[in-house]
Every structure is written in C-alpha cells, then in structure tokens.
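Heads up, the thing below is written out as structure tokens.
To keep things simple, chains are lettered A, B, C, D and E as they appear, and every chain counts its residues starting from 1.
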Amino acid sequence: MIGAARSPLMWVVHLSVLLLVLIWTLPTAGLLISSLRDKDQLAVSGWWTALSSSTRNDVFRAPTAEAQVERDGKFVISGNVRDSDAGTISAFGISSREPVAFKAGETADLSDGAKLTVQADGSFEIVSDTSMEGARGQRIFFTASTPPRFTLDNYREVMNASGIGASFINSLTVAIPSTIIPILIAAFAAYALAWMEFPGRSLLIAVVVGLLVVPLQMSLIPLLKLYNGVGGFLGVPAKTYMGIWLAHTGFGLPLAIYLLRNYMAGLPREIMESARVDGASDFDIFVKIILPLSFPALASFAIFQFLWTWNDLLVAMVFLGTGNNELVLTGRLVNLLGSRGGNWEILTASAFITIIVPLIVFFSLQRYLVRGLLAGSVKGG
Amino acid sequence: MQQLFYAILTMAAGVLACVAYFFGTNWILDKIFPSKGLSGAQASKNLRITNAIRPWLFLGPALFALTVYLVYPVIESVWLAFHDKSGQEFVGFRNFIWMVNDGEFRQSIFNNFLWLLVVPAAATFFGLIIAALTDRIWWGNIAKTLIFMPMAISFVGASVIWKFIYDYRAEGSEQIGLLNAIVVAFGGAPEAWITIPFWNNFFLMVILIWIQTGFAMVILSAALRGIPEETLEAAVIDGANGLQIFFKIMIPQIWGTIAVVWTTITILVLKVFDIVLAMTNGQWQSQVLANLMFDWMFRGGGDFGRGAAIAVTIMVLVIPIMVWNIRNARKEMGGH
Amino acid sequence: AELKFKPGEDSKFNWASFEEFKKGHDLKGQTLTIFGPWRGEDQALAESVLDYFREATGADVKYSSSENYEQQIVIDTQAGSPPDVAILPQPGLIGDLASKGYLAPLGEETQKWLLDNYAAGQSWVDLSTYAGKDGTKALYAFPYKIDVKSLVWYVPENFEDAGYEVPKTMEDLKALTEKIVADGGTPWCIGLGSGGATGWPATDWVEDMMLRTQSADVYDKWVKNEIPFTDAAVTGAIDEFGWFAKNDKNVDGGAAAVAATDFRDSPKGLFSSPPKCYLHHQASFIPSFFPEGTVVGQDADFFYMPPYASKPDLGNPVLGAGTLAMITKDTPASRAFIEFLKTPIAHEVWMAQSSFLTPFKSANKDTYANGPMKKQGEILLGATTFRFDGSDLMPGKIGAGAFWTGMVDYVGGKSSADVAADIQKAWDAIK
Amino acid sequence: MTGLALKNISKSYGAVDVIHGIDLDIRKGEFVVFVGPSGCGKSTLLRMIAGLEEISGGDMFIEGERVNDVPPSKRGIAMVFQSYALYPHMTVYDNMAFGMRIAKETREEIDRRVRSAADILQLTKYLDRLPKALSGGQRQRVAIGRAICRNPKVFLFDEPLSNLDAALRVATRIEIAKLNEAMADTTMIYVTHDQVEAMTLADRIVVLSAGHIEQVGAPLELYERPANLFVAQFIGSPAMNVIPAKIITAGQQTTVELVGGKRDTLDIATATSEAGKIASFGVRPEDLRIADGEDFLFEGTIAIIEALGEVTLLYIEGLVANQPIIAKIPGILDVARGAKVRFTADRAKLHLFDEAGKTYRR
Amino acid sequence: MTGLALKNISKSYGAVDVIHGIDLDIRKGEFVVFVGPSGCGKSTLLRMIAGLEEISGGDMFIEGERVNDVPPSKRGIAMVFQSYALYPHMTVYDNMAFGMRIAKETREEIDRRVRSAADILQLTKYLDRLPKALSGGQRQRVAIGRAICRNPKVFLFDEPLSNLDAALRVATRIEIAKLNEAMADTTMIYVTHDQVEAMTLADRIVVLSAGHIEQVGAPLELYERPANLFVAQFIGSPAMNVIPAKIITAGQQTTVELVGGKRDTLDIATATSEAGKIASFGVRPEDLRIADGEDFLFEGTIAIIEALGEVTLLYIEGLVANQPIIAKIPGILDVARGAKVRFTADRAKLHLFDEAGKTYRR
C-alpha cells in the first residue's frame, strides 16, 4: 500500500502508535525499573522517582561506642551516613521528632554531652570529651538528595538461586512439546473441520467453542484421579512429562482448533481444488498446501500456547513432580518468595527473567505473520 | 548437560510419536483400502470408505484429548453440581437454588455482564487498531513486541505491576502508585481505586484489556495481512482514504477473525479469575463468577457441589456464543 | 547435606534426643514426601531441620511447596495422590480433610504427649482434634512452628525521643494512642491489604480483642458459631478494633488507607524519618518485612498486646497461629516423621535460626537465636490461655472469606452490626 | 470408445439452476471445445467433470465407469483453472512438478517434463519465481504448464489462453494441438471465447447457452449449418447479421421479403405451410460484398468504418433500427462515412430461420 | 493539452528491471492502447500510472502536474484490474457503487449509474450476488462496471474483455468506444491482446516489448508501416510471414533474393550501401493470394489447412525450415494437404527489414 505510505497523515499514525505503545509499556516499564531498584525503596517511593535525583529522609545508625577512637584527647566515632550511594546531605537530626533540625555542617549536641557533626558529603563525627558508652549506636536522621541508583542485586539473587538452570531446562521440556503437539493435532483437526465433508461437522465446531469455556480448575481433580489410575495400572508414575504434555495439549486444543479452523476456512478453495485435481489426497493437501499456507495462524497460536505453558504453574504443580528434574521455572521462582509472598524485588526481577524466553519466541515467530502469502494464487474474487 | 540431552530426547520422542501417528494411520488406511491400481468399482468403493474414515483419523487425537481433558471433567462437574459439598449425596437442584438466592452470586453475574460488555470489545478494538496502524510503519514490529509484552509477563509479574499502578497512600504522603501520583500531580486527592465499589470493576478490567490486547493484535494482524492486497489497491483507486479502506474494505474482510477474537476473549472473560483473585479477591463488590467458583471449590476444603454449580452456570452462559458460531460456520460453508 | 549444627557440638542442643531417635529409626531406601506452606527463606530453614531427619533415618525426604498449596492439597488428596505428610496452617482445612477421610489419626499416645509436653497442652490437643470420616473425633494433626499474634511492634528510640512508655494495660495503650495524636503524631500503622487475602490482619485484631473482652469459652463458641456473629460480644470486639482503626487520626493515612495498604508494607512506616507511626499490631513473623538491616531488639521491639486492667479474670490470653503436620499417607516414614517432631532437637535446630517459636517445654529456650525470639517464646510458654487464630478455625468460606470481606467493609465505613449480620448470613448459608 | 459420457447432467446452486440436463458423449481422444456466452455454465460443467462440483442430477461416466462419487484425484484429469489457482507458496517449478511428485514420478522425469513444458510456454526464466512475481499471462502459462506436465486421461482447459498475446496464443494453441495429437488416448475438453481457437482446435464444438446444449458439431458444420439463430450468431465474429423477414412463398425455394421491402429468393426448401410466417434472414458479415449493379440484397448508409488493416468493417444503418448491419470487406477500403452502399452476397451463403429461431435446413 | 506524460519512466523489482525508460505523451481525451507480449510490462506501466507501483526512475505528469508522489486516490483515475480485484464481501451492486459512495454522490445518481452500467454489461440479474457466485466473465464485467460508473480523468483498462465471449466483447467494446466519445476529456489507456480491440478502439497504439516502446502510432500506421520487424510481426494475426532474404541491388527499387532462390523487386528505396546485406522479407498472411500464373512470390507445400469458415489458413512448408509460412485465404477453400501451391501478393504490400529488424521505409 504505497498510497497510504505516502499519505500526509502518516505522522498521525506514528503518533497514535507511539501513544498506544507508551500506554501499554508504561506499567511494564515500572516493573522493569522496580526490578532494578533497591528493595527497601520499592515500597517507599514511586518507581518513576528512581529516574531522577530525589530527596530522601533516612536514618543511619552510627557504630557503637566500641568503634570510638581516641584522637587529640577526644573520643571520636566517625563514618559516613551514606552507605554506598553518592548524594548530598542537606540536613540532619538526632531525634525522630526533629529529623531536619540541623543543616549539613552544623553541630548538634547529643544528650550525653557529645557533639555530632554531619558534613554535606555524609561524613560524620561524634566527638566527646569522655569515653562514650552504651550498646546502641547513635541514630542519625538525615535528608539527602540522591542521584538515580540502580542495582542488579535482585537479578543476581534470582539467577544465583540453586536449581534455576535445571528448572529452565525443565520448563523448556514442558513448554516445547506442549506447544508443538497441540498444534499438530489441532491443525489436522482444524483441516478436517474446515475442508472435509462428514456428518456432524458444524456440531463439532460448536462443541469446540463450548469447550473453550471449561475452567481449568474443574478438570484438575478428575484428571489427576485418572492419571493416578492409569499410572497405577501401568505401573508407571502418575506424574510424568508425557502426562503434562497431554494435559497442556488438552487444555490448549479448543483455542487451537478454533483459531486454525477459522483461518483455514478462509484459504481460497481453488488452490485446494487444484491440488485435488493434481491427484493429491487429503493428507497431501494438508501437508503440502494447507500447512505452509497456514503459517501465520500456526505461528500466532504457537506464540500463545508457548506463553501459556511457559508461564503456567498450576498445571505443572498438579501434573508434574517437584523434584529437581521436574520443577519448572515458575515453580522455582515462586519458591524464592517468602511464604507470605512479600518479596516484590524478587517478583519483579523474576518476572523479567521469565519474560525473555516468550519474547524471543514472539520475535522469532513474528516474521511468519507475513503479508501477501496468497498473492498471485487466484484471479477473481 | 545430561539433563539437557534427556530433555531434547524426550521432546523429540514426544513430537515424533505425534507425527508418526498421523503419517502412520494414513499409510495404514491407504494400505487396507487401496485405491491405486485397482479396478474401478473396487477402487471407488475403497475410496468412499477411506473418505469416510479419514476425517476421523484427522480428528481422532483431538477428539480423544478433548474428551479426556475437557468433556469428561465437564460431565463430572455437572454430576457434582447436583451433589453435596463432598460429592457424596444427591441434592437435586439445591445448589442452584442456593445460588440464585446468594447475593454474592447475583453480584458476580452483574459484574460479569459488565466485564463481558467492556473487555472483549475494548481488547478487540485496541488490538485491531494497533494491528492496523503498526502494519504501516517501519517500526511496527517493535511496537507490536512492546504491546505484546503484557501477554508474556507471568501472572505474578502482572499483579505486581498493577499494584504499583493502583497503590494508594494517604493524602499528603508520597504516592507510590502511578495513578494516584498523576492524580495528585494534577491537584486531585488520591483514591484507593480498587476499593471503590462498581468502579473498581473497571480498574480490574483495564488489567485484562491491557493483557488481552496483545492476543487480539497478533491474531488480527495475521488476518489483516491475509487480505488480498489487490482489493485494497482497488479501493485506493476508487478514491477511498485510509479510514474508509479500513472500515469498508479491511474490516468486512476480516470480520470472521474479529468474531473469533471477540468470542475467544469473551470466553476468557467468563473464565478469568486470577486478576480478581490477586487484586481484590472479590471484595469491595468486585466478585466475578469464575472467582466465586474457585472460592467455593478450593477455599478451606471446598464445596464441590456449589463450585460445580457455578461452573455449570458459566458453561451455560456460552451457549448463545456456541449457537452463533454454529450459524456462522454453516453460513460460511454454504457459501462456498 | 551438611548439618547446620554439628551433633554433639553445642551443648545448648538436646543432642541426646537426636541420637536416641537415630537409634530407633532406620528408613533407608524409603522416601518421604512432605508438602508444606514454607517457601523462600522458610523453606531453607525447614530443609535444615529435615536434614537431621535424613541424617537420622537415611530416608529420602522430598519437601515441596506451592503458591497455591491450599488448592493443591485439595486436588492431590481428592485425586488420590497425596504427599506422605502435609503441613498446613489452616485448622479449618485440616478438619475438612479429616472429615473426608484423607488423614490418618495420630493416636492416643501422641495426644498424651502433647498434653504433657506442650505448654497449655489442652489447647493444642483441642486444636488438633477433628471428627473423622465416621464422625469420631481423633487427633489428626501435630502443631509445629507457632507464631504469636498478640504483639505490638514499636521503635524503642522513637518512644524515647517522644518520651512514651510501653503500656502495660489496654487502658494505657488507648491513652498512649490518644497522647500521640495529641502530640501531633500518628499512633498506628495498619494495613489489611494482602492481595486475594485482603482483610485478614483485621481478623487478628478482632480475635485479640475478643480474648481481651470475653472469656476463652466465648471465643471457642464464637469460632464454632455457637454464639452468632451478631452477638454483642462479637460486635463489641469489632468495635474495639474500630476504636483504633476507624479513626482517621489514629492511623497513618487515615481510615481509608487501612484496607488499601498492603500488610507487608505497613510496618515500614515505623522506620521512616520522621516516623509515620509509632505502633504496629502484627504477629511474630513481621520482622521479615522490616527494612533490610533492622535489628529486632535494637531498631525495633515489641510488647505483648496488653489485657484490660478492668478485666483481670481474663488473665494473659495469647493469640497465635501456626502450622500443623498431618499424615496424609500412612507409611512408616510418615509415622517416623511425627515421632521426629516430638524430639527437642527438631525444634531447637529451627529455634536457633530464626522465625520459629514453640510451646514445647523440653526444647531449650536458650537455643533461641536472639533475645526477642526468646521473649516471644516465653510469652508462648507463659500463656495462661492460648487460642489459635479464630479465622483459621472457622470454615474456610467464613474465616478466609466472609470475615475478611466483612472487616474490609467495616473499615470502609459499615457498622459492626451490619458487618456481623453479613458474616452470619454467609455462615448460615454454608450450614 | 467413449471417453466421457454425460447423461442428463444438471446442477443447481441452491435455488439457481445453472445446468439443465446435459447429454453428451465424448470419444476417447477427442478434442471437444465448449463455447457459449459468459455465464452459461461452461466452467461449471468442467468443474463437474473434474469432480469439484457436486453433480445435482444425472450420471457421468469416464471410460465407462460411473464417476459421480469418485473424487477428483482418482478421475485421472488435469485441469487449467480459469482463475489459475496456482500454489502461492511454491515456485513456478514446484507448481508444475507438484502433480508429478504426488504421482511419485522419478526426479529426472519430473525435471525433464517441467523443463520441456517451461520451454514450450517460454517460462524457463521464471522457474524460480513465486506466482506473485509474475504477470497475468505468465501466471496463466504456469497453470497451463502444470496441466500439460501430467499424464491424465482427460484434460480440462478453462479459457487457458485468454491472457496471452496473439503470438504466444498461436504458439501455445499449436502446442496444445500437438499434445492432442501425440496423446491419442487423451480426451481434451477446452473452454474458450476465441473463435479461432475453437475452430482450429476442436474435433467437435459444443455450443452452450444458459445451461443447455444448443448444438454439437464439427467446427465447419457449426459455421455453415448452424442449428439455430443462437448458434448462427454465436459462431463467427462479428456475428451473423439478422434481418427480420417474412416468408412470401414457400417450397423448394423460398422467397422472403426483408424489412425495407426488398424481396429475395433463397435456395432453401420450406414447407408450404410456412408461407406468410415471420422469419429471420441471416447473412454473415464476411459474406457480404459491395454490389456493383442492380443485383443487391439491401442498401444502407455507412455509419461507422473500422479499418483493421487486413479487413474493414462497415456498419450499415437504415435497414433495422438501432441494429446496424455489419459488413466485413477484405483490405483497406476507400469509402466515406455517410455514403449509401448496396450489398450483395453469394446466394448459397444465406441463412433463414423460423420464428422460433430454428434453421430452415437447406 | 497533454493528459498524461511519461518522462523516462523506469521500474525495477529489486534486481529485475521491468520497465526501461519510457517516454510517452498522451493527449487529454486520447484513447491509447498498450499492446505487447505477455510479461513485457504493460500491467506494471498501468499500475505505475495509477500510483500503485512506486516509480523507480523518471517523472510522470497528469494534466501538467507531476504526480510521482501523488497518492492514487488523488490522481483521478479509474482502473480495471487484470485480476479483477473485486471486493469479495460486497455484492455486485455495492462493488460498483463503492467509488461513488466514497465520492459522496447522491443515492439516486449512484443507483442510476450502477443500473445503467449493469444494463450495458448484462449484469442486472446479478446485482445482488457476491463475486464468488459469479462466473469468470461476470466477474470481469463487474470490474469493468466498477470503473465505468465513475467519472475520472484517466481510465485504465487492463485486458478488460479477455474473459468475455465474442458477442459480449464486441458489445462492450462498442460501449467503451461510446464512453470515450461521450467523455471527450477523459484519457483512456487500454491494455489488450486482442488485435481487433486494439485496432478499433485506439487513437494510438503503443507497442511495448520487454519494458520499452517499439513504436507508437495510429492503428493503421502500425499495420501498414511497422517500424520494425517486432511490430510487424506483433500486429496482425496470424503474424506477418518473414522470409530471410538478401539484398541484391539497392536503390530506388530494391531487388531481394529470398531463400529458395526466387528474386523479386520491391518498390522500396534502400541506400546503395545496403546492397549485399542480409535482410528480412515480410508479407502478411492475408496479403497472400494463390498465384494463377508464373508471377509468384514463392512456392510451397500445404502442411496444415485450418478452415475457420470465414477464412482458411494454409500452413506452407518448404521455404524456411521449421517455420511454416501462413496464408489466410478468404472463404472455405478446396485444396488438399500436401499440394504444392504458388503464392503471390500485391507488390505494395510487401515489407523489407534490415538485418537489425528496422524497416526499410517505402
């Protein structure tokens, strides 16, 4: 459509896409930034503030009296309130009631007669004429402006968790066949429903649509029962990779058949007829004509099925064991979270680690969503 | 390394077995009822037989999997719906009677209708717009990947994301929720968004729309690319502008796919529970059927009867969609 | 695996019990699967205890957990492929499993052991006794790893800075609350948010108030719905909570923020500069959610949620929660595991690390890793009355449903009577 | 031996009847051309023979075997679709090789046949292209190539040359004729709108109209002795001129009066009962000559002159309102528009049709 | 006034050059026909004029305005696509009405024009059908109808009549001619493979070959005075016979020796330097006559006889190996295959081309 490409309204298109992309990525951007932030900061300030320097109020606990050194007859405890990050101290205080009582560089009198000075660069000194006592270090409240600071700690923590590598492979072992098998099965079924004549065809289509709605949770108990039965009967474990592939296949089939059938039914009839006249059987037609021409639909469904199986936890937990050779990545990551699930930093980092593989899949399959696949095949229409 | 090797081996075995089935059965069928090199009458008789059998060979694995994994559980659910808590005792319609008298259930039905009205339409709409617009720009693929991203994010990730959007802090303190930060920046008062009855439904819907737009976009983008280019050219020649081409030429030609996407999302909406579960668990009057079902199924030991009764209700709700799809399929096939 | 503490090395530990157990059990070649709620750090801690069981018996122990463990245990038991041992924090769910016949009774002997060895033993036995499939009551669960809930957390130095004292009675606590308000501060941080479980922290408040305004007997009737939710005793307790939470001045962010704030985020207000609040009511696990580097005992501390001076007869009631182990598949290994839990060492190893309290009298208090834990342990041991978290005892639909929702509605502005009526209605619906 | 037999074949799409009971026997090895106005059912008939369209009524036999229910792949046919129906994802080579690969021919044989077909159709340069990078005519040639590569019992061609230029059309036509000769046992059925193709290729032509057969016969037979007005006008281009007439005297010879009043006596026998009846008088444009003397058929004014080089077409008005009579005169003519001219024709080449359009046989 | 001007227009698809620098001026209101072998670039050129194909090089002007970057919708064109490009989801009526609806014509006006176009194209019965329920020719007619309903500055027709039967083709052709007459300001560009169409419709014919122009001229000019061998052979069907020859004497008149040894003197002037050069001698099949006496051009054996009714085609062998000479003799001839026949032709109608194929002008 070169006509459209030249249209003066092109910038409107660019702008609207940009706007939509912004809206859609903003939440994810928040997640990404959050995953790079210090875990304590997460619940305290908005993620967007991480991008600019910010003023923050913080508390620092000075070393205990044990750390004091004698210098020129005075006892001194010194250090720096800013642990690692740079930044400037603008004010400080010694009581929770007045955390900004003093300007940087000023000196505050402590209750036990010692004097505290905090410089703008964060260095502080507690100076006392007498040796200081007490098991507790002095709290220093300070207000600092901090430049943006990011850390890869969250990722390091997730990546270093034991068994992550094995789980990664387990997840792939689950996801790849669970994507390919249903596509194969569904493609054959979709072809039959789209182009083969047999009684009850449209009823079957309706049933497939109806089955789309079956809540997964409903199926788990009966199926696991069945698996246990079959496993017991055959003397094999009930929870195997085979079992989960089939389960994902079963759960993914309605959507697969529905999408693929719709697509296949739209292919030009003449091409099929032409192949039929050329002597091709239904099987030949399916393999040699329909499959290559259905690539866009196959690719789209593959993307979704992969996503779903990759991110799935429930089905994996029910139908697959939890041993090192079986625990999937999502399961492994969830186990990193505390029992009460408050580790936002792990959540954010692991969300980004798990997203990578699906995005690769999406990106690599996206090129099959091609234009003009059917161009030149028939004249008319 | 060894694990990787085994993994590849099992994967290959699994996929090959599947491929072997289709090739194998077809081969066997053609061996049992050969039609090549046979006399006419016998050949055509064999052909009739193979033609009658082959669809079922193609459908076989799918039907098997659907039956085992979906139909059988459905039957079990229906059976359970007429039984008590533990599935032991037949109780007739008692679960259903309880259901219609339950305020929460009625609330869920109402909310579900809201969801059904808004989410499929919005997700399909945005998906279509994005698919159409990104098709024309050089950075379309990048844009698509970004918009697809929400789909790829695991559900836990998504719930954290939206926590960081809807989070509420008291007025005066620093807002860490983006929405409230914006509201405050414009001089408004922060709100605990997901606790505002009725409207919170919409805040939850936004999440699903955000996720499902990627789905709609991918499917519709494939469909848009399947439109014969010549018809667009013809429309350009006929003087149609971009919008007219979009509405009068492209949309009608992918209408079938739009219907499919809409149907799929509608059904998904009926099933959706994890968003509600994670964000509100149905509190503040945001309950939906699927979450209610989940609640009754598994919370504290569960009441399978009531859970199944709700599940059956959800399944009944798709019947109109099924009928509509049958009609479409019939029309489509008749037209050829 | 490497044992956390070398047997025999540190004399604080009761190594004899370990050796004795080791002698009595040999499960080489057997597998024990355990399914529990502990993930993350807790999982690592649990594994460190299981290591001793492995070491002692030679059994192959597989522990697993899941985000949806409640759902999963239902599925697994129902479908007939349960783990050997399940560990769950919800007595309600356990009762349900027991009534469906999925659990094996632990026997008289264990019941007696609990009575003898756990502080407030009868409370624990009552908690672990459920009706089986045939209706007969039996001991089905073994409490292990307890959290104390009746705690109020504060920052001692902030108290010092402002000149506040730790209150000894509920009256004092209320006075302190008012004083902080008068000083221009905000006394409480309360957050009920918990995703799908939003509302539960409020139930702890109500239960604590219940125990402080009514006798344990009334409490027991309440959790069994022998007195209705609408009873004045209950609405009274709810309103006690309301006194704290429904007053905009009392809570950080005002009453509106209570339901919306995540319980994991709410304690952070104690530590901000200047402090957003001075007090936080939460169970013993909460330090996990304190800012990194917070040292309990120094940067933060707790006090026992005090009783009313005006009701001395109620004593020092302690509200708690915890996990209970049960046998879902009766094998020698799972029996042995319950036996293992009866050894002091099974408790001490975890005590010596973190986030573990036990009412087991024979476990050496000195093994507690730090002072605050020991202090909590002592609260547990010194309890005159111990009551398990009421919402966990109620049927799931109530304790993990209507009650939560009700509390959310309550802080949202509904009256206690209306809320109680709603909850009671829900309860009636499942009878 | 009968290659293909249609017995009372009919077809309807829902309520629309498209083919109304067609009976036709085609010898094995015969070359039959279907002609007829656009939309008369030629493609439909072809598709029914191929087995692509359900037969609504009647029976079809290929080499004696009833094939109503035999699927296309087993009928031993090759077909060139009117709409090409190329495989969009295959190169030209693969498009042509597809049928043979299905038939499990050897690789060499496939290559040989594809290359020879490509050679004939001047497609060799394009063998590696996808259909979408071909011109209309090239696509059509691929469609032809795909058919002629194979070795079927029956060839079906649906307007296979319509998008080719004259030279290529002649060349391809000759190749098809050769093919027909080389494969004496292969029946060919060919749909075309091109008279020359029809006349040169056909053993027999079937003229269809609105779903039924008007006439079947050898090409010259149709040209010289059309069974009725429809065939007479359909075969030949420009079409035969038809002038309303009245039979004045019937008998061994027939005298008719054309509109305009001119009378003429034809060598056509009519039953005496026909006298006085309305008839149609027909003369082909190419049979008209400019009359020198008084012996003329009719007279008219030249309205349009179309000089085609080889011949000149004259559109003559004045005889029948709104329907000029066309004369096709060889060479480039030197006449002026508006001139009054008289025309005559060889008496043996005149046609007469009765009121219903049936020919009065000579 | 120039309606359309192409200045050195070229087009390539990646590495494939399809159009090589075309220069062409078309008067406003002119009817120009593009002819050329299949694949020579006609459709591509049309699509470039329509703005559907990027112009790789050169400039294009419509009514004086440079339109290289003007989108199709602003160029004021209507087009009949070679592949029809009907809107599959619209009925025939809507297909035709679409352009006018876009242009916001009144409902009555649309209805009037659609019905009148449908009438002309005999589509009235099908107005409510979807394209997929139409025959090939009917679809093509819808495509034509869609174009002629509109009111553009330039009409582009890409082989619009290829799937129509002869009668309909003539009728439609006449309608197009009428349209052209009625809309004196509308430029029409027409691609066809049909000689008759080209000759009758065109004001000028553009002969294309492999992406460049061979000759532009009025129909008869091309027929009578082809610029080169290519045009000579391309215009006229069957193509002009070409016989290798040698120039014996050059000058005012030229004497050539045909293969076979026969010499003949033509009324064609050649430079004396040409003497002795190889040349091609050309004569159109329709210009050949059977010679009675000794004055003949050449002699040969009749290999094939094709009787088309109106004319008979004789394929004569014996002169040039593997390339029969074709003679087109009016009427139905009474000759036998294998007979030796002598042919002659009007001396004024003979053509002579130099070695490179360029015509020796008379």
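Everything below uses one rule, namely that a contact is a pair of C-beta atoms (placed from the backbone, for glycine too) under 8 Å apart; a residue touches a chain by one contact, two chains touch by 3 or more.
Keep in mind it's a predicted model, so treat the numbers as computed, not measured.
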Ask   = Rotation angle for the CA superposition of chain D on chain E, to the nearest 5°?
value = 180
Ask   = When B-C is set beside B-D, which has more C-beta pairs in contact?
value = B-C
Note = Chain with Cα centroid nearest the overall Cα mean is chain B
Key: Centroid spacing, where centroids are CA-atom means, of chain C and chain E in whole angstrom   = 94
Inquiry  = How many angstrom lie between the centres of chain A and chain C, each centre taken as the mean Cα position?
reply    = 32
Query = Hey, how far is the Cα centre of chain A from the one of chain B, in Å?
reply = 20
Junction residues of chain D, two or more chains touched = 71, 82-83, 133-134, 136
Remark   = Check: chain A positions touching at least 2 other chains come out as 3-4, 7, 43-44, 217, 222-223, 281, 334, 372-375, 379-381
Remark   = Multi-chain touching residues of chain C, meaning two or more other chains, are 67-68, 71, 74-75, 195, 262
Remark   = Given the complex, residues on chain B that touch chain E span 228, 230-231, 233-241, 244, 248-249, 252-253, 255, 335-336
Chain B residues touching chain C - in the complex, by the definition given at the top = 86, 98, 102, 156, 159, 163, 167-171, 173, 192, 194-195, 277-284, 295-303
Ask   = Where on chain E does chain D make contact in their complex?
value = 13, 35-39, 42-44, 82-83, 133-138, 140-141, 158-159, 162-170, 193-196, 199-200, 219-220, 223-224, 233-239, 284, 286, 306-311, 313, 328, 330, 332
Inquiry  = Under the stated contact criterion, what part of chain A meets chain D in this complex?
reply    = 268, 270-271, 273-281, 284, 288-289, 292-293, 372-380
Ask   = Taking the complex as given, what residues does chain D use to touch chain B?
value = 65, 67, 69-71, 74
